[in-house]
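Pasting the structures in now, so scroll down.
You will see chain A twice below: alongside chain B first, and alongside chain C after that.
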Partner chain A sequence: MTTTLPARPVIETPRPVPTAPRRRKPRAYKIFRVVALTLTVLLFIAPLVWMFIASLKTNVDIYDASKTVFFTPTLDNYDNVLSRNNYFGFIFNSFWVALLSTLFSLLIGVPAAYAMSRFAMHRSALVVLMARIIPGVSLLVPWYFIFANMRMVGGFGVLILSHMFVALPLIVYIMISYFDSTPLELEEQAQVDGLTHIGAFLRITLPLSVPGLATAGILSFIFSWNNFMFALVLSGANTKTLPVAIFNFVSYASIDWGSLMAAAVVVTVPIMVIALFTQKYIVSGLTAGATKG
Partner chain B sequence: MKRHSVVRVAAIVAATFLAAGTLTACSAGASDDGGAKTLRVTLANHVWTDTIKSKLPEFEAATGLTVELSQYGEDQLSDQYNVKLNAGTDEIDVMMYRPLQEGKLFAKNGYLADLSDDVEANADWDWSDFQSGPVESTTYDGNVVGVPIITEQEVLYYRKDLLAKAGLEVPTTMEELEAAAKAIKEQNPGVAGFVARTGKSAAVTQFSSFLYSFGGDFIDEDGNSAIASPEAKEAYAFYGGLIRDYGPENVSTDMSWPEAMAIFTQGQAGLYTEADSLYKNATDPETSKVSDTVGFAPMPAGPGGSVAYNVPSWALGINAESAYSAEAWSFIEWATSAKLTLEVQQDGVPGARQSVWEDPEGTSTYPADLAAAIATSTKNGVGHDRPRVIKVPEAREIVGDPIVIAITGGDSDAAADAASDAFQGILDDE
Partner chain C sequence: MTTMVTTKPSMWKNYSTWANRHRKWLFASPAMIFVGLLIAVPLGWTLYLSVTDSEGSVRAASNLVGFSNYLEVLTDTERFWPAVMRTFVFTGGALAIELVLGMCIALLLWRPFRGEKWVRVAILLPLVATPVAVGMMWRLIFDPNIGFANQVLSWIGIPAQPWLSGQYTALPTLMFVDIWQWTPMVVLMLLAGLTSLSDEPDEAARIDGANSWQRFWFVTLPLMRATVIVTIVLRGIDALKTFDILYATKGKGGGSFHEVETLNIYAFGLSFDYNDYGIASTVLILFFLLIIAIMWVLTYRRKANRS
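Right after this comes the complex of A and B.
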C-alpha cells in the first residue's frame, strides 16, 4: 500500500510544487487513475461507439477510412430497420420471451433454492447445475425432435421453456447463496410468533431477498434477450427474436452493414438501459454471501 | 399490511402469467388444419428470395395454398437444416440449399426427395432448358434431387481508368494479368494491383478457376487427390504470388468476399477475381466508389485455357419427409418457370435456364461486358468450384491451406504435398 510510485513523465510540473512532498503521492495516483480509467473505458466503449457511428452512415461510407469521424449522418438505416423491416415485432417477441421465461424461472427457482438452502440439499443443487454444464447445442436436436412431435416449434411456449432451462440453474444458484446468508434466526423468530414455515418464507425471507431476486431476474432476462442458438432453431417466422432477426441484413451476395449496425443498436440499447439502472442490484446480489463464513 | 398485499399481488400476477403462458404454448402449435393447406418454404436471404417473395400472392391465388416463408442467412440456414432434417422434421416442405456445399451430404442422408419423375412430367416447364453443369450438381446417384435456381461464374472485375492510365488492354492471359497488376501497383501509390479472397476456406472457390485454367482440378478421374499435381502447385504459387507481390499492403489472410470487395469498391485495387453474382456491390453507387469505372472480363487464360467455374450456388429441393410433396413441387415449378427466371435474372441474379440467357431480355439489365464474360464462362465452365465431397467444410480448410502459405511467402509446394495427403484421407473415408 505504501510503496512509492515511480515518478512518471506524465506529472511533469513546470515549477516546484509548493505543497509538502507527502501530497505528491495522492496526486500521482490521481493522474494515474484518470489515465487508467480513461483507457479502460475507451477500450470497452469503442466498439459500441463504432457501432453507433456506423449505424448513421451509408454503406459506402462505412468502409471509407477518411470518413471515420466526419461524415454526413443519415437516419435511413433506422428507417429501414424500424419501419420497413418491422423490428417492433421482433422487439416484442424478444421482450415477451425474456419476461415470461424470467418470471416462470423465478416462480419455480426461488422456492427450490430456498428448500435447497434450508435443508442442505447439495446433491439436488448439483443436478440443477448439470443443466448449465451440458452444452446447449447438444440438446438442440433432441429438443427439436420432442417439441416438433408436440407441434410446439415456432410458438412462444417452446422458446420460453428452452430459455428457462438455462435461466433456472442461474436463479437457483444465486438464490441459494443469498438464502444461505440470510439469518435463520429471523425465521425462527417469526415461527415463534406464530407463522408457519411457508409463511415465514413468504413474509420474512422473501421481502429481505429483493436484491438477490433482482440480480437473478435481471441476469436471466439479459441471457434470454441475447440468446441466439435456441431461438434460431425453435422460433418460427412470427416468433423470431431480435438476435436471429439481425441476420436478415446478411444476404448471400450483399451485406447491409448500415442496417445491421442500426439493428444492433436497437438490440443493445434496451438491455444497456436496464443494466444501467439496475447495476447496483447486480453487484450487491453477486457478492451477497461471498464473505459468509 | 403492506407485505401482505405485495405477496398477494405477486401470486395473482404469477397465476395470470402461468395461464397465459400455457395458452400461448398450446395455440402456437396449430398449423395446417382447417381451410387452406399451408406450405412451409425455407429460403436464404438473397435477391432471388426478395423477388419471389413479392410474387408469392400470385402463387397463392392460383393454387389456393398458403405459403409460410422462413428466411435465414446462409449459415443459419445450414444450422437449421442440420438440426431439423436430422430430427426427421416434416415442418419443412420446400428447401433452398447449396448443392455444392451440402447437396451430397443431404442426398446421402436421404433428406432430399427424388424429383426425377416430377421434372420430366411437364414438357412446357422444360427440364432440358436447364444448363447441364448445374443440373449435374443437383443430381445424386442418377436421381434428380434439386432444381438449380441461381448460378454463379467467376469473372475478372477491373478498373477501366487504371488500365487506361497504364496503357494496357484488358488482360486475357495469366501473364498479362500479372503484368497489369504490377503496372497498376507501381503507378498508383496506395492502390493494390490485384486483390482476391485470402481466407483459407473462403478463397477456395475463387482459386478454383485459377486451378482449372492452369490445367488442374481438386480430384482426378480416379477419385484421388490432385492438388499436389504440378499444375495445381503452379496455380497455388501464382494466385498466392499475385496477392503477395501486387496485393494490398499488410494483406490479411482472413478475407472473404465482404473484405476483398470493400477494398475494390473503395478504389484501393485495380484487378479483382470474384463471383459474378456479387457484381451489384461494385456497380451500385450506394455501395461502391468505383461504380462508373468498373469493367468485367472473362477469367484470363492460363496454360489450360480460360476455364472458370459455372456452378449452381443455390437450388430448390423437397424435404423427403414432407407431407405435401405434390404441392411443394408445384411451388418449385412456379418459382423456376421461364417467366420468373427471366424476372429474377433481370434483378441481377444469374439463373440456370439456357433460354433466358439466349433471350436478349435476359441480359438487358447487365453491363454488356459482364454479360459477355458470363457467356464465355457458361460455355466451357466447370460444374464445381470446390471439392465435391461429403465433408465440404473440412475439405475446403485442407485444400485452402497452400493458398494462405503462398500468400505469406511460404513453401506452397510443400504445403500442397501435405494438403494432398490430408485431402486423400478425406477421399478415402468417403
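Right after this comes the complex of A and C.
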C-alpha cells in the first residue's frame, strides 16, 4: 500500500507546452471530437437536468407522457419539502456535521500528514489509510453498541466522529502529497532565523499550504455531506441528515415523485455550487497520487 | 537546536523543547489514536462476534461456537456465494467499463480546446452529486411506467424494459448508474496522468512513423501504467463497498429476489435488519479479508513488475 502514497499533488502541475508545432489533425477528427465531447457532456448532464425538471412538475404531469417537455412549472414540491417536511432542519444537521467533522479532521489530520511526510512514516500512514479500505459496515455494529452504552447514539457527537472517520484518511492522503511537494529549504531557513521546528511548521509551512488545506477541507466537506450509511444507523430523529431524510421519503407506500426530486435537488445543488466555484481544488484533491511515476 | 541555554529555563521553554524534540509522534499520534481506536476495538469485537452465536442483542448471552459460523457461511450457496459473485460482477464490470470509457474521454480532453472548462465542469457534477439523490433520480428515470428511459425506447421502437425492477436487469442497471457517477473520477485521474507525460516519446514515435493507435498502445499506455493501477485500486475499493445507490434503489436485502445483494448489502441486512450478529460478523471478516487480498495482489504485482 505504501506504494500508492502520492508523490506530489496535481495542482502544481502546469499543462506542458507542446515543444514542436503539432501536425494538423484532419478535419474528420475535429468533427468527431466535437460530436463525441457533446455526447459525453449530454450523457452526464441530461439526468441531472431531468431531475430538476421533474422537481418542477406536479405528480399528475410526471405521470403524463405528453407533458415530458411542455408543462406549467410549479414550486409546490419545494414548498412541500422545505416547509411541511422540515427540510431546513435536515439541511442544518447536514451542514453542521459536515462542517465540524471537517474542522476536527483538519485539526488532527494536518499535523499527522506533516509528520508522516517529513519523517517518511509510511507504515503509520498505512494505519490511517486503513480507514479508507475497511468496509464501514464491519465497524458499525460495534460502534452502535459502544456509543449506545455511552448514550451518544442519536446525538451530533457520534455522527461527527463517524464522519471524521471518512474525512481523516482523505485529508491525510491529500496533505501528505502536498507536504511532500513543499520544499524543506524554507523551513530550514526559518530555523536558522530562530524559529523552532513547530514554529516553522505553524508560521511558514502552514500558510504556504492553504491551497492544499482548501482542497482537503472542501473534499472532506463534500464526502461528509454525501455520507449515507453512517448517518442511516447512527442518527436520531433530531440529527437526521439530508441523505437519510431523502431515503425515508420512499419508505411510505406510494412515492411522491415530485417532492422526492425536489428533495434530491435540495441536497445536490449546494454541493454542485461549491464544486463549480472550487473546481480546481476538487480536481487536484481527487487526483492526488494519480501521477506517481 | 538554536534554543539558548539559560540558567533558569522557563516552564514554557521546557515544554517547547520537549514538544519540538517529540514532534514526530506528537503530530502523528492524535490521528493515529483516533483511527486506531475506531478500528481496532470494533474490529476485535467483530472478530469475537464471528465465533459466537450472538443474535438479537449484542448484550444478550451468547455462546462461543468456534468456526461453525465460518463453515455455515462458506457452505451457504443460497445467499453468501451469490452475493460474492454479484460483488465481483458489479465491481469488475463497472470498473472495466469505467476504465475504457474514462480513457476514451480523457484522450478526447487531453489536448487543449475552446470550451474545455465547461466540459470539465459537466464531468465534475455527477461526481459530487449525493449518491442517495443520484439513486432516487435514476429510480424515476428507470421507472418502468413513467420513466424517461422507457419513453426514449418507445420512440425508437424498442419494447419497455423493467430496468431496476427486473430480476435480471436490476444489477446491470445499477452498474450503469455506478458508471455514470464514477467514470468522471476515472477521467480526472487518467487526465492528470496524461498531462504529466512528456511529449518527447510521443514525438519520437511519430517521427518513426507510428500511427495514432500504435502511439497510444505502445507509447502512452505503458507510460500510464502507474496511474492506471492507482486508479484501479482507488476506484476498485470504493466499488467493492458500494452501498448507497444499491440500498437507495432496492432497499433491504437487495430486492425481493436479492438480485442486487452484494456482500456489503448482505452484511448490512444481517446486522441491522435481522440482528444476526454472529453470521454478519463472519461475512464481514471474510469480506475484509477479500479486500485485503485484492489490494495485496494489486500492489504486490506492481512492485514485482517494477523490480
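Throughout what follows, the second predicted complex is superposed on the first by the 246 of 293 C-alpha atoms of A that agree within 3 Å, B and C clash if a C-alpha of one lies under 4 Å from a C-alpha of the other, contacts with A are read in each partner's own complex, and residues count from 1 in each chain.
Methods note: a contact is a pair of C-beta atoms (placed from the backbone, for glycine too) under 8 Å apart; a residue touches a chain by one contact, two chains touch by 3 or more.
None of the values given here were measured: they were computed from a predicted structure.
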TODO: Could you check whether chain B and chain C clash or fit when both are placed on chain A?
DONE: clash
Open item on the list: For A:247 in the superposed arrangement: first (chain B), second (chain C), both or neither?
Closed with: both
Open item on the list: Output check: A:152 vs chain B and chain C. Expected answer is one of first, second, both, neither. What do you get?
Closed with: first
- [ ] Answer with first, second, both or neither: which of chain B and chain C does A:50 touch in the superposed model?
- [x] second
Open item on the list: I'd like to know which partner A:191 touches here: chain B for first, chain C for second, both or neither.
Closed with: second
Open item on the list: Applying the document's definition of touch, where does A:276 land relative to chain B and chain C: first, second, both, or neither?
Closed with: second
Open item on the list: Applying the document's definition of touch, where does A:202 land relative to chain B and chain C: first, second, both, or neither?
Closed with: first
TODO: Could you look at A:33 and tell me whether it touches chain B, chain C, both or neither (first, second, both, neither)?
DONE: second
Task: Partner chain(s) touched by A:169 [first = chain B, second = chain C, both, neither] - done: second
Open item on the list: One more residue to check, A:160. First (chain B), second (chain C), both or neither?
Closed with: first
- [ ] Between chain B and chain C, pick out the one touching the greater number of residues of chain A.
- [x] C
Task: Residues of chain A at both interfaces, chain B in one complex, chain C in the other - done: 63, 140-142, 145, 161, 232-233, 247, 250
Task: In the complex with chain A, residue positions of chain B that touch it - done: 3-4, 6-7, 14, 17-18, 20-22, 24-31, 44-47, 68-74, 76, 79-80, 83-84, 86-89, 91, 258, 262, 265-266, 275, 277-278, 280-281, 285-289, 313-314
TODO: Can you check the complex and tell me which residues of chain A touch chain C?
DONE: 1, 3-4, 10, 13, 15-16, 18-20, 22-23, 33, 36-37, 40-41, 43-45, 47-48, 50-51, 54, 62-63, 65, 68, 108-109, 111-112, 114-116, 118-119, 121, 124, 127-128, 130-143, 145-146, 161, 164-165, 168-169, 172, 191-192, 194, 196-198, 201, 222, 225-226, 228-229, 232-233, 242-243, 246-247, 249-250, 257, 260-261, 263-265, 267-268, 271-272, 274-276, 279, 282-283, 286-287, 289-293
TODO: Enumerate the contact residues on chain C facing chain A in the complex.
DONE: 2-3, 16, 19-20, 23-32, 34-36, 38-39, 41-43, 45-46, 49, 58-59, 104-105, 108-109, 111-113, 118-134, 136-141, 145-146, 148, 151, 180, 184-185, 188-193, 195-200, 203, 206, 226-227, 230-231, 233-234, 237, 240-241, 243-244, 247-248, 264, 267-268, 271-272, 277, 280-281, 284-285, 287-288, 291-292, 295, 299, 302-303
Open item on the list: For a test of understanding, state which residues of chain A touch chain B in their complex under the given definition.
Closed with: 58-60, 63-64, 100, 103-104, 107, 140-142, 144-145, 148, 150-158, 160-161, 202-203, 206-207, 232-233, 236-237, 239, 244, 247-248, 250-255
